[in-house]
Amino acid sequence: MTALVILQSLLLISGALMFVVGSIGLLRFPDTYTRIHALTKADNVGLGLIIIGLIPANFSLLVTLKLLLIWLLVMLASALSGHLVAWEARAKQVPLAPSEGESNDELTD
Amino acid sequence: MDTNLIFTLGGIGLCGLGLFGFIYHCHLLRRLIAFNLIGNGTFLIMVGFAQRGQGVTDHVIQALVLTGIVVAVSATALALVLIRRWFHLKGSTQLPEDDAS
Amino acid sequence: MNMILSPIPWLLVIPLAGAVLTMLIPLNWRSPASMFGLLTQLLASLLLGYQVSQYGTQIYAMADWQAPLGIALRADGLATLFILMSSLVATACALYAHLYLNLTKRGHFWPLLWFLWASLNGIWLAADTFNLYVGLELLTFAAVGLVAFASDERSLEASIRYLYAALLGSMAYLLGVALLYGAQGTLAMDSLAETWHWGPTNQVAITLILGGLLLKTAVFPMHTWLPPAHGGALTPVSALLSALVIKASFYILLRFWVEFEVYRHLPSLSQLLGVLGAGAIIWGGWMALKQTHLKMVVAYSTVAQIGYISLMFPLLTAENSEASLMAYHGGILMLLAHAFAKAGMFLAAGNLIYCTGKPDLASLAGMSRYRPLNIFAFGLAGVSLMGLPPSGGFNAKWLLLQSSFLSGQWWWIVVLLIGSLLSAAYIFRVFAYTYQETEATDSFRRPPITIELIALCLSVASILLGFLSIWPVNVVSLPGPFMEAMP
Amino acid sequence: MNWTDSLPLAVLMTSFLAATIIFMLPEQKHILRSTINLGAACIKIILIIFLIQAVLQQNYPEVRLEVLPGLDLILRADSLAILFAGLSSVLWLFTTLYAIGYLENSPNRSRFFGYFSLCVASTMGISLAGNLFTFLIFYELLTLSTYPLVVHRGNTASIKAGRTYLIYTLTGGVVLLLGVASLYALGGDIAFGDIERTAALVGTWPELMTIIFILLIAGLGVKAAIFPFHGWLPTAMVAPAPVSALLHAVAVVKAGAFGIVRVVYDIYGIELSWQQGLLYPIAIIASFTILYGSWRALQQIDIKKRLAFSTVSQVSYILLGISLFGPLGTIGGLVHLLHQGLMKVTLFFCAGNYAETLGIHKIHELDGVGQRMPFTSIAFTVGAMGMIGLPPVAGFISKWYLGMGALEANMGWVIFILIGSSLLNAAYFLPVLKRIWFNPQQGSWPHERVSNCRDAIPLLLIPALVTASLSIAAGLFASSILSPLGWAELITLREYLR
Amino acid sequence: MNLLIDLTLLTGILAIAATSLLSRSLFQSVIFFILLGLTLALGWIRLGAPDIALAEAAIGAGITGVLLLDTLGHLKKTGKLDKDEHRPSYPRLLLAILSSVTLVVLLLWAVFHQPTPAIQLHLLVEEALPDSGVSHQITAVLLNFRSYDTLLEVGVLVLAVLVGLALQTDQHQQDSLPGLPNPLLHACLTLLVPAMLITSMYLLWAGSDRPGGAFQAGAMLAAAFILLHLSGIKLSAQLSHRMMQFGLLLGFTVFLVVATSSVIGGRPLLAYPDGGAGLLILLIELALTLSIGLILLSLFTIANSPPLSSRSGGSNGH
């Protein structure tokens, strides 16, 4: 029982840490493409960790399936949106790696 | 400090911020956002305050808030239509300040 | 009373159905369909007038759920009078619009008008605070749409201003309702009044509600959105807005004020409202005097007239019931006279602008020779607005004067009289322009006689009200919860 | 309900209906319009005759309409009402005739005659009003319907005059409204003649009632052109001549004077007013206005301006008569209401004739006009003599009774006022008469329009001659019951016997 | 623990709101506004209002956010976005601070003096629930006890579209947004859109006994429509103008017809016949869902299409 709790905690905390890392990356990375990278990868992993951490809490098959579905959908969505942003950025010829970091205003719809 | 009170206070804060923004800003979009803040704050107060008084989950007020949210989004959409027309005609995102409100 | 025979649901269903129908059917069928709708609305409101004056106040439980749980509608004397008023004025404006607008504009006008009408009827009949909120929003949207659909710069700017002011007003109102619900657990006016509790919560709630409604009514100094909106809209729309739309929020204000006996507990607030009214009378009159565009003069006159109407609040005091009754009658009469007179005046002004093709006062020279009937309509409406006899406006002012005397608040007398002179000044200023005989061109457009007659009918109604005042006064005094709460 | 009870309403409606129809008529239908106008005027006179019969039989027809709770619109024909209504209806007939001739071939006649009828309707309303509220309604309506007549010509001067007129009369109206409203607030709906109610009120609130009295008189005094509220009258001279006649003789000024009569006699009651010392100040102001108006008239060189200041002076005779406590003074005041109307309307008709026919506006242009336009000049002479107070013209009667009344009221100084004013009157009228009859013509006429005719055209001439004859007749047949004097005596009798 | 979560949420909400209000960049403001909506959804869960949470996320944050972002993008493309922003004047700032502080103080005063409500409406609701035809309280309130409000509210939605349509001078709307011709997007959409439709239907069906209902379902439907729209599949181009209008009005019309039929049947307006409440409510909700989806889509597309009076030549440049 305790081991499970410790495992859960570890999973949740590391998931949260992944989010933090992703956010730092979003703020610190120099251009659009790398930011997408930080955002999608780190967040997907973070969410996965959290969801795995949540599953044992009050185990039931239905809830587990729902949680996994959420993960799946979020991954799909973030993959898609990451792709779209990169695609649009390239179409608009956003420069690859500018020397100075600037405001993230250039993210458009 | 129960949840209802906390969110009521949050609603008050949102209302205050929203009102500030609504009066302070000239930019029509910003004022619209401010209006939505007031709206959200009002909805929080509605539910939080009512449930604090009743002591239980109050479905009546929740239903009213649902109505309110729909009305607010209609208002936002309407305002956006008008703002975009205005922008097309005048190329400006704020109203002339002859004797502004 | 048999449920089928009650006109109350039809007063709501017909306009709503009219709105749907006029959106769906082809453009050139919309007017005939609406004409039929106008007729049924008139009949329904007359029927309601008859029933209420015969059998007294009627309560209608929506969806068969009684008041605190469901929504009740209440047709008392006040509501009935307003329903009749809006039916008459809206019918006149609708007929005018039918003749005035081109086919496409007309096509868009009808559904907006029907929504406007539905919301008005909904507000007049409502006895539930949240229902009033939804009604107010419906009204605001319809009114904003009507202002905006002229689609030019002025009307667009005006509609944005109007929308923002109205949205802020409704939010304040909703916030107040939220507080009331939190404090008392109900939304129905009747049960709120029964369990009313003058604690800080209710005071703040009332303050918020009043503030929001005052903003929506464009009471000085929150009036700045009104003149551009009312002056910049198309003529029949201006008439509707000035005559009916601002009355809606005022009506709610009055209901709250009396039914929750605000006058008894916050007398300083009533003096404040009076001061605002006085400010509106003087500032509105002064601004009307300075305008160079005809419709702006009329629009600022609305600001001033709202001031007159709000003078009834300080006079509704708990101490002197006779004076309060007079103030109530005077205020309602003023409101009624203003509805007819202002609609007539806007329509007449619109006709004049149609003739000259220019909106400014200076181009009116010679109009009183060219279009005497129109000037006469404008003048009759002006008589009522100035409060000169014989007119509904005069009787209203008379009652307010009497009430000020009786309650010993002589300072409102001064305001009333100064206001009369100011309004006379700006109305006769317009007149002086029309009497000028200049060398200017005589190439006027000739409006169809029918639209001139519509304007004249409304103006004449405001004058006739001076002789028939006793009827509305009796109707609004019919017993009901509202009258019980009167001082 | 007697059929006579609807008579006051019918009197009012004849001109209202006439006004409505005339507004609707197209501009070109001159003959139809004139027919309607004259027809309505004649019907009205017939109705008034019926009313006179009723009143003589001590039967006062009355119509009531409840306007607001406890507030009625009352139309009631009592003897005083008939005095004014009769005067107005007779003069209206002639003024209409005159106006038809005067405005021949000028634009905007539909508008003019419409408002003209409306104006008479309001005058009828004023005379038949049965309480102050009704009086007030028609009093303001009169203001409104005369404004379009004053600015009728549409040039800058008339619009300016219109503005002055409005500023004076509307302010006066507001003061009157204040007075009436306060009176109603104190005592409710007080019908004319119900002086016991007022007496009770005066007993309770003496100071307030005095203030109200002052407000009422001041408000009415604006239209009656009492000094210092007379400023609008000379300015309004830019209006067409029939309008001037209307303002000075038939409607506006008289409405003010008549209102003062009503307030003093039928609201406060003459005895009460006298006891409260309210009348003495009126006498002083009236006396001053009489002298002041005459003095200013003397300085004018424009004919119509001189006549205007003469009106300022003459109307105050009426007030003077009212303020003299005692039957003789009352008779003098009331009878002057009629006499002044007849004589002044004659003078204005004549002034209009001179202006229309020969383009004469200034007094020095009148030299020798007696040869060119003998009939008009005769009428003018009659009017002028009446104003001075020479017998047998009616003006003499009024002055005689006023003088007697002053003695009766122990206000002997008034005699000197009367004498002084008569001298002044003579001083400004006799030179005019001399110029007309005895001076030779100086060069050509300023603007001769009708050259093929001996005098003015018949439509302009006949009304002047008729009113001139009437003013002589009023003097000659003064002892008849139906003469102005007879009727004024009847009223006075009823007033003092109350 | 719960207190901590609540306080964290409270701080978060206020901070996000302040940022969205005061941020120099308008884009940031909008993003933070959407973020606020999502955070609020959490707050609604904490307040025991999952229905509102759903609505807030879908409508408040989702639709409003998309509308705002779209407008922003539009303004930005025209290239005049942040340039003409004057700094508000000093008196205005003072007025703003003064009124907002007054409001907050008043509200605080009111909240801390709350009396005990005399009427317990929820008891009445529970008592009447068996007669309402549904077992979820909120749906019962929205579509039975206070159905009149809901009728008017749908009217408000229709009206908003109507005004938008009236401002379009031409009946046949043109969309300024060219769809994204991205193959991956289209591939994903074939997967996502059916899932969204199913979810929407589930929400609708769930509404009768648990959180969900026509508004949430309609918002979900609208999201699917907008997604399709953005990817270049124009629903409005597929349907005829008349069909579209009919779809927009369907919900309102069905609602109104049901309401009126009860009057003709001798009952008060909107009173359902005995035993028929559940079925009629489902019927109304079904029609409403479709209409709300279309209405929200139309609000999006109307805002998107340029006015064809085209006084300004530069409006078609994207």
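Letters A, B, C, D and E name the chains as they come in the text, with residue numbers starting at 1 for each one.
One rule holds for everything that comes next: a contact is a pair of C-beta atoms (placed from the backbone, for glycine too) under 8 Å apart; a residue touches a chain by one contact, two chains touch by 3 or more.
The structure displayed is predicted, hence computed values, not measured ones.
Shared contacts of subunit A and subunit D, meaning chains that touch the two of them, come down to nothing at all. When the partners of subunit B are compared with those of subunit D, the chains appearing in both lists are C. By the count of C-beta pairs in contact, the leading chain pair is B-E. With respect to subunit E, maximal separation of chain centres occurs for D (centres as means of Cα atoms).
Across the assembly, the mean Cα position most removed from that of subunit B is the one of D. Chain centroids computed from C-alpha atoms place C closest to the centre of all protein C-alpha atoms shown. Distance between subunit A and subunit E, defined via averaged C-alpha coordinates, is recorded as 27 Å. Note: centroid distance subunit C to subunit D, computed from Cα atoms, is 42 Å. Measuring from the averaged C-alpha position of subunit B to that of subunit E gives a distance of 13 Å. Here the CA centre of subunit D is 73 Å from the CA centre of subunit E.
Multi-chain contact residues of subunit A, defined as those touching 2 or more other chains: none present. Residue positions of subunit B touching 2 or more other chains, listed in rising order: 15, 22, 45, 49, 52-54, 64, 67, 71, 74-75, 78, 82-83, 85, 89.
Along subunit E, residues 72, 107, 111, 114-115, 117, 120-121, 125, 145-146, 149, 153, 156, 159-160, 163, 167, 307 each make contact with two or more other chains. Checking each pair of chains for touch leaves A-E, B-C, B-E, C-D, C-E.
Of all the residues in subunit C, the ones that touch subunit B in their complex are 130, 134, 137, 141, 144-145, 148, 151-153, 156-157, 159-161, 163-165, 167-168, 171, 174-175, 178-179, 181-183, 185, 187, 222, 224-225. Residues of subunit C that touch subunit D in their complex: 329, 366, 368-369, 372-373, 376, 379, 383, 388-390, 394-395, 398-399, 401-402, 405-406, 413, 417, 420-421, 424, 428, 431-432, 435-437, 466-467, 469-470, 473.
For subunit A in complex with subunit E, the touching residues are 73, 76, 80, 83-84, 87-88, 103, 105, 107-109.
Of all residues in subunit D, those touching subunit C in their complex are 23, 65-69, 71, 73, 107-108, 110-111, 114, 133, 136-138, 140-141, 143-144, 147-148, 151-155, 158-159, 162-163, 166, 170-171, 173-174, 177-178, 181-182, 184-186.
Residues 1, 3-10, 12-27, 29-30, 32-34, 36-37, 40, 43-45, 47-49, 51-54, 56-60, 62-67, 69-78, 80-85, 87-89, 91-94 of subunit B are the ones touching subunit E in the complex.
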